[in-house]
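In what comes next, chain A is part of two complexes: it sits with chain B in the first one and with chain C in the second one.
Here is the complex of A and B:
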């Protein structure tokens, strides 16, 4: 039921020349300047070839060349080499494709000059080469709690997860994606907790995928999404380890791919995007308050400027008498209709945001001053906008940034524009038409076959409360049963730790 | 029973509550008080209550009819009893009735919009918007229609708070002396109150899409009682709010009451009320139109449902944009009221009797077989 119906027949995933010989592989590779071929032993027909950009040179020198030269006289055939070199991961191959793959994964090839049909491959890859050393979360920051995040190396990322959940139930399944660049993608789940339907769906979608090169997990996320015509992210993409681990424990599937610092979590529901791992480190009252602030912020951010436009264009009757004076006062000199004013300011804010994201961080700080103070102050003084709208738009921008997941906060920002436009044409009626379209759109969305609005619609008992607040730990001991995990109860806390006190026990 | 409906397209039993309630509450809630006082005067809330309490009986009849149908809906029941041709004809008549109600809902709402909020925007703009969103909703299938019915009950329920606000302005003595009505007045008022309760007859078509009929029917009865309670409360509050003489002259009493609400940041609450009422009207239009399309689809399986939807919406668009004369509104309003009465109190009991007789025959046949 959850799987996609359209079973596409798998095409031959080869857009390159399929027929290859080993000689041809070496011929093509040697065109690159980083492909090195040399003979380690004088007057002996043994050669070594490798991509110097991919291998660890110290191992090559200390473990391969040293032993080869020491025992050069013992070598007659390739199989002698195997016994000499004290490394694991040595294979002998005569298949062109395998040789090519191994070379590109960071192996060195050893062969006899006169017989290029048999190649000895030794894996010497240096995966940490070119990786950053720091792995603190920069985009999903939290004040308390671990600040460790994923980096662009799959082995580190898998290690980070495995260290947190050290149980054999954590299963990693590896896939390769991309016909030209073979990127590793690992699907992680907890055996006995995650519903196998989700794992099957992910497995099938990834293996059905036909793409030449996958740069990042967030790209993969869009490719395996249930519906690609939507501004909303259908999976949570996070760089926080604790968030990925938490969702594994909740029974969700986590996807991690090589060269990507983001993990994707699915199936995701709309309300999950507004919770933050930090909620779980704060007392539940405070966390619930923050979570509500985030949700109200999202709603405010979408509708604030749209209602301003609708009211000032059509429904000025709804403004109370006392409020009318400041509005008239601030708008008296503005020559534009409300919609032009609102669009102008909204686009300014988005320009600032985009410029801030693109600029190097040192220049970015000055931009805040230029954008916030100079432009804001000047536009009001130049009577291009009213101060009230400036306040509204700035607040709306601020509240859209409270959404923890970057992709979702972008979706929220984008939604304002259609609402402003529709409010300018049909006033409040237009906004409500927009709300209906939004509701219908959200009801149509699915993430890994799970309705996106769950547990609000279809209503599921016990889920609505925790969508809006963060329940305390004794009340939150169960997984969300509507996500159909194989086991529902996580832990059974003892509720009453204090000895009995109070009026009834005196 | 419902072998032909995929479980993927079915909805949970509790959603029948929202479907029935959403189909019942529509534009008429904004204006019914003026009509019902014609007979019983200040006692007219009694017919509303009694009429509402009659509804579960009709609903029981509907469930009984559907139990005997070959694929669980009235469309197959028609074909079972009346044969292929007359059955198809009846299905089409039903489809016409459903689409007419759907049309009226939108037509009246556009009227309200133009009278209360916008006088400068032409009807065709509104009807174009309606056409687009109704197409978007219904083309998503029954699950999406249910979704909009669900949100169309949940979101507007905050408007109920306004009733609490209104209690400050009521005068209970307007209701006294109570129980002064005679039978004739009672029936006049009851007839006028009937359109309030139209809507549950769509269940004749969509019930096969609800899982677990036994559990669901409970939710159906619950929805009918809730609607009745709501209407009675609104009626009583209106009668305590306005004097009878004043009420006779108002065309939208509910909105007139709401007008008194004032918030520090909002001078005229009825704007919010009218716009939120869109969420109440859209489910009515969608559930009826979906039922009409379902009837046509099962009668002529070779026509694509999206095509039917598109062509009906084009007709809607034309009527809502250009036939905006007040006489025409009265005309379709009356047609809908009478045909609704006929369907609820004539046709459904009639089919019920047929279903009972049919079951008797079946029993006899079985007994005979046993006897032999």
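Here is the complex of A and C:
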């Protein structure tokens, strides 16, 4: 919605339309202390200006200054400089906007002191400046398979993808986002496979987008989402290269933006959030089991404490006789209704999680002890909660962490609270009302115009099985046709040529 | 905005409004129900009904108090004498610190006197008590229910249901629960049967055959052996152990265990007679050594012997039923299903004189091993 509202207002208030002169550009820039202007050659009206925080100083000294000083006597005009400096990416410009952009992208400007109308721009940006060197995945781990993740540099990220999909069909389309600060966003897709509708939609949304500064891809994701009033992520945000590559091959669109270690993948469907690249490195039986565990974990995580509250408050008759005694005994000294103790524990768990995410890793261990042992043990002894609930809530928290995509696991964690509250008010009936509302909400969501619940609703033949399990490779040779890729068949497995007779077949 | 699109918008708004109103009604019109937090209810597990001296009903409820300990060692027995069954909850609530809930009742025990005086008014109440599940047991005790429950309480357990049900699944008790009971109790041409419990001489509760309730009154207490035979006829998969005594010597015994039984009833209208074809598949757990079961002729011999003995015993069983004018096998219902002109009164008037032929076909699935 943000996108659309802004789009209407955009017409007259662009920042780009303000007329600037080159002199003005230099004047404004020189207010910054990191903007350097100097004359490299003594008694010659040639000046160099640049932001020293953006450029690679070694190249400046070794390839620019060295040659300039050596051949200083040959320089008469700016075009002479072009022939002297052995670097590519040299342009001569007389447009203020272009000069300003180039300076901020890490170019140096060379010009005659008396003529600021014509500027020579040499691109010397050092994009890896201040970037981390390691690119291990930080949040999406897998035991086997590649550990390479994206980092906060777009060129590295694009390189990682291009290295994996080394075909000319992989198209990168570059956009800039942001009116105050320009951030590069690259939309990647496979020509001949990805449905152009998706690319068009992304293209249109990104170019319609009006935001002053885009910090991260995960922010961009929300800005171009189909529905911004939902806890569910409508795009998969991943830092795993293999996941992004797999999605490209499946015919999805991948968006990568500068200074962001997350790639976003669209169109995404709900069930995709529960698959993991590691599924494809494990035998399909094992992978399917793990995938089912994740799905069951998600369901358990949403409903465990809600059902606890509903059953203990309204439906005691469904508790098996042998379980009545431990439940009643552990609740006997708890003065609060089940909803209060459930909320108390859930909030405790979320406090622990939030504190764990914010704490420096060295203090993290302390938190584990404080949270896990002290609080758990003490709340039961202090009769604030029952032991059964403690187990349930801990299990529910544990199972919510099995969801591979962090944004989805947060959504799942949040959903618990409305369910607990509605269970406290209407019991089991309330939970089912909640489920209905949840399903209605999910079925109304869309990702890049594709229904979020595909292929479950609207039902699409042939997709339901692979939503819950990971089919083996011979059975998985086609892309999901309901995502409308231009080419459905990925590969055609050859039949097995194992001889059916002989000693090895006894 | 032109008229047409305005109408479309109104239509959509109205549609949404209708949805919200419907949802609002659904939520608000349901009203509020009181919370029944699990540790704030007195959960009745076993309920007993007796006839008091002045004709009122004496109810006994076993309510465990788990808040003291997680073991079943604090059982509260609440007794109350009321003129009508509906008054039990208000009267019992005076004794308990939390509200009395019937939803967890697993067994309802009728005292002997109560059962013999007619149980119809109480059975009617079961139907009007939606908290009661139909997967519960109705049992009749040979003593008063009060005495039985108090004896049971001393065992410090609430597993009366398990004691009855595992005998139904693995031993000679015929299958029964409230659901079947209601069908047989109100159904035409059949009489209901319920498990009987008794206090044995060591002061323990023991399952002891079945009781047959006819015209709402307990008419007959069938002992264990006949109950096993009854369950072989009635149930499809009765695992009843049945013992045939062939002679004085210790060896002269045949013990068989049911595996699968199929009873087919035939009604001959002209001759006015009923035939029961009983096909039994049994395990022979014990047989006299004079039969060598690896020989075909011996096998035939023992099959014939068992069939003959069983036919005789079934005849005796049927004679007992006729004598007491009870029909737990539902012969009336069987005849009714084959005869359009069936009438309850006239059928049961001639019921004791209807000849019933029994043909038993025994198949032995294996022998020797205990199970």
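Just so we're on the same page, the second predicted complex is superposed on the first by the 482 of 506 C-alpha atoms of A that agree within 3 Å, B and C clash if a C-alpha of one lies under 4 Å from a C-alpha of the other, contacts with A are read in each partner's own complex, and residues count from 1 in each chain.
Note that in this section contacts are C-beta pairs under 8 Å (C-beta built on N, C-alpha and C of every residue); 3 or more make two chains touch, one makes a residue touch a chain.
As the structure is a prediction and not an experimental result, all values here were calculated from the model.
Peer 1: Do chain B and chain C fit side by side on chain A after the overlay, or clash?
Peer 2: Chain B and chain C clash in the superposed model.
Peer 1: Quick check for you: in the superposed arrangement, does A:170 touch first (chain B), second (chain C), both or neither?
Peer 2: After superposing on A, A:170 lies clear of both chain B and chain C.
Peer 1: On the A-aligned overlay, A:338 touches which partner chain: chain B = first, chain C = second, or both, or neither?
Peer 2: Touch status of A:338: second partner only.
Peer 1: Does chain B (first) or chain C (second) touch A:64, or do both, or does neither?
Peer 2: Neither partner.
Peer 1: Quick one: is A:420 in contact with chain B, with chain C, with both, or with neither? Answer first, second, both or neither.
Peer 2: Neither partner.
Peer 1: Let me test your reading of the model: by the given contact rule, A:314 touches which partner, first (chain B), second (chain C), both or neither?
Peer 2: A:314 sits against chain B and chain C alike.
Peer 1: Could you tell me if A:439 is touching chain B, chain C, both of them or neither one (first, second, both, neither)?
Peer 2: In the superposed model, A:439 contacts chain B only, not chain C.
Peer 1: With both complexes overlaid on chain A, does A:154 touch chain B (first), chain C (second), both or neither?
Peer 2: So A:154 meets neither chain B nor chain C here.
Peer 1: Looking at A:22, would you say it contacts chain B, chain C, both, or neither? Reply first, second, both or neither.
Peer 2: neither
Peer 1: After superposition on the shared chain, which partner residues are touched by A:428: those of chain B (first), chain C (second), both, or neither?
Peer 2: first
Peer 1: Check chain A for residues that touch chain B in one structure and chain C in the other, and list them.
Peer 2: 314, 317, 319, 321, 426-427, 429, 433
Peer 1: Where on chain A does chain B make contact in their complex?
Peer 2: Chain A reaches chain B through residues 1, 314-315, 317-321, 323, 426-433, 435-437, 439-440, 443-444, 453, 457-459.
Peer 1: Can you list the chain A residues touching chain C in their complex?
Peer 2: Chain A residues touching chain C: 311-314, 316-317, 319, 321, 324-332, 334, 337-338, 426-427, 429, 433.
Peer 1: Inside the complex, what are the residues of chain C that reach chain A?
Peer 2: Residues of chain C touching chain A: 27, 30, 33, 35-39, 41, 43, 45, 64, 66-72, 101, 103-104, 106, 131, 133, 158.
Peer 1: Please output the residues of chain B touching chain A within their complex, sorted ascending.
Peer 2: Residues in contact with chain A: 7-8, 11-12, 14-15, 113, 117-118, 121, 125-126, 129, 133, 136-137, 140, 143-144, 147-148, 150-151, 262, 264-268, 271-272, 275-276, 278-279, 282.
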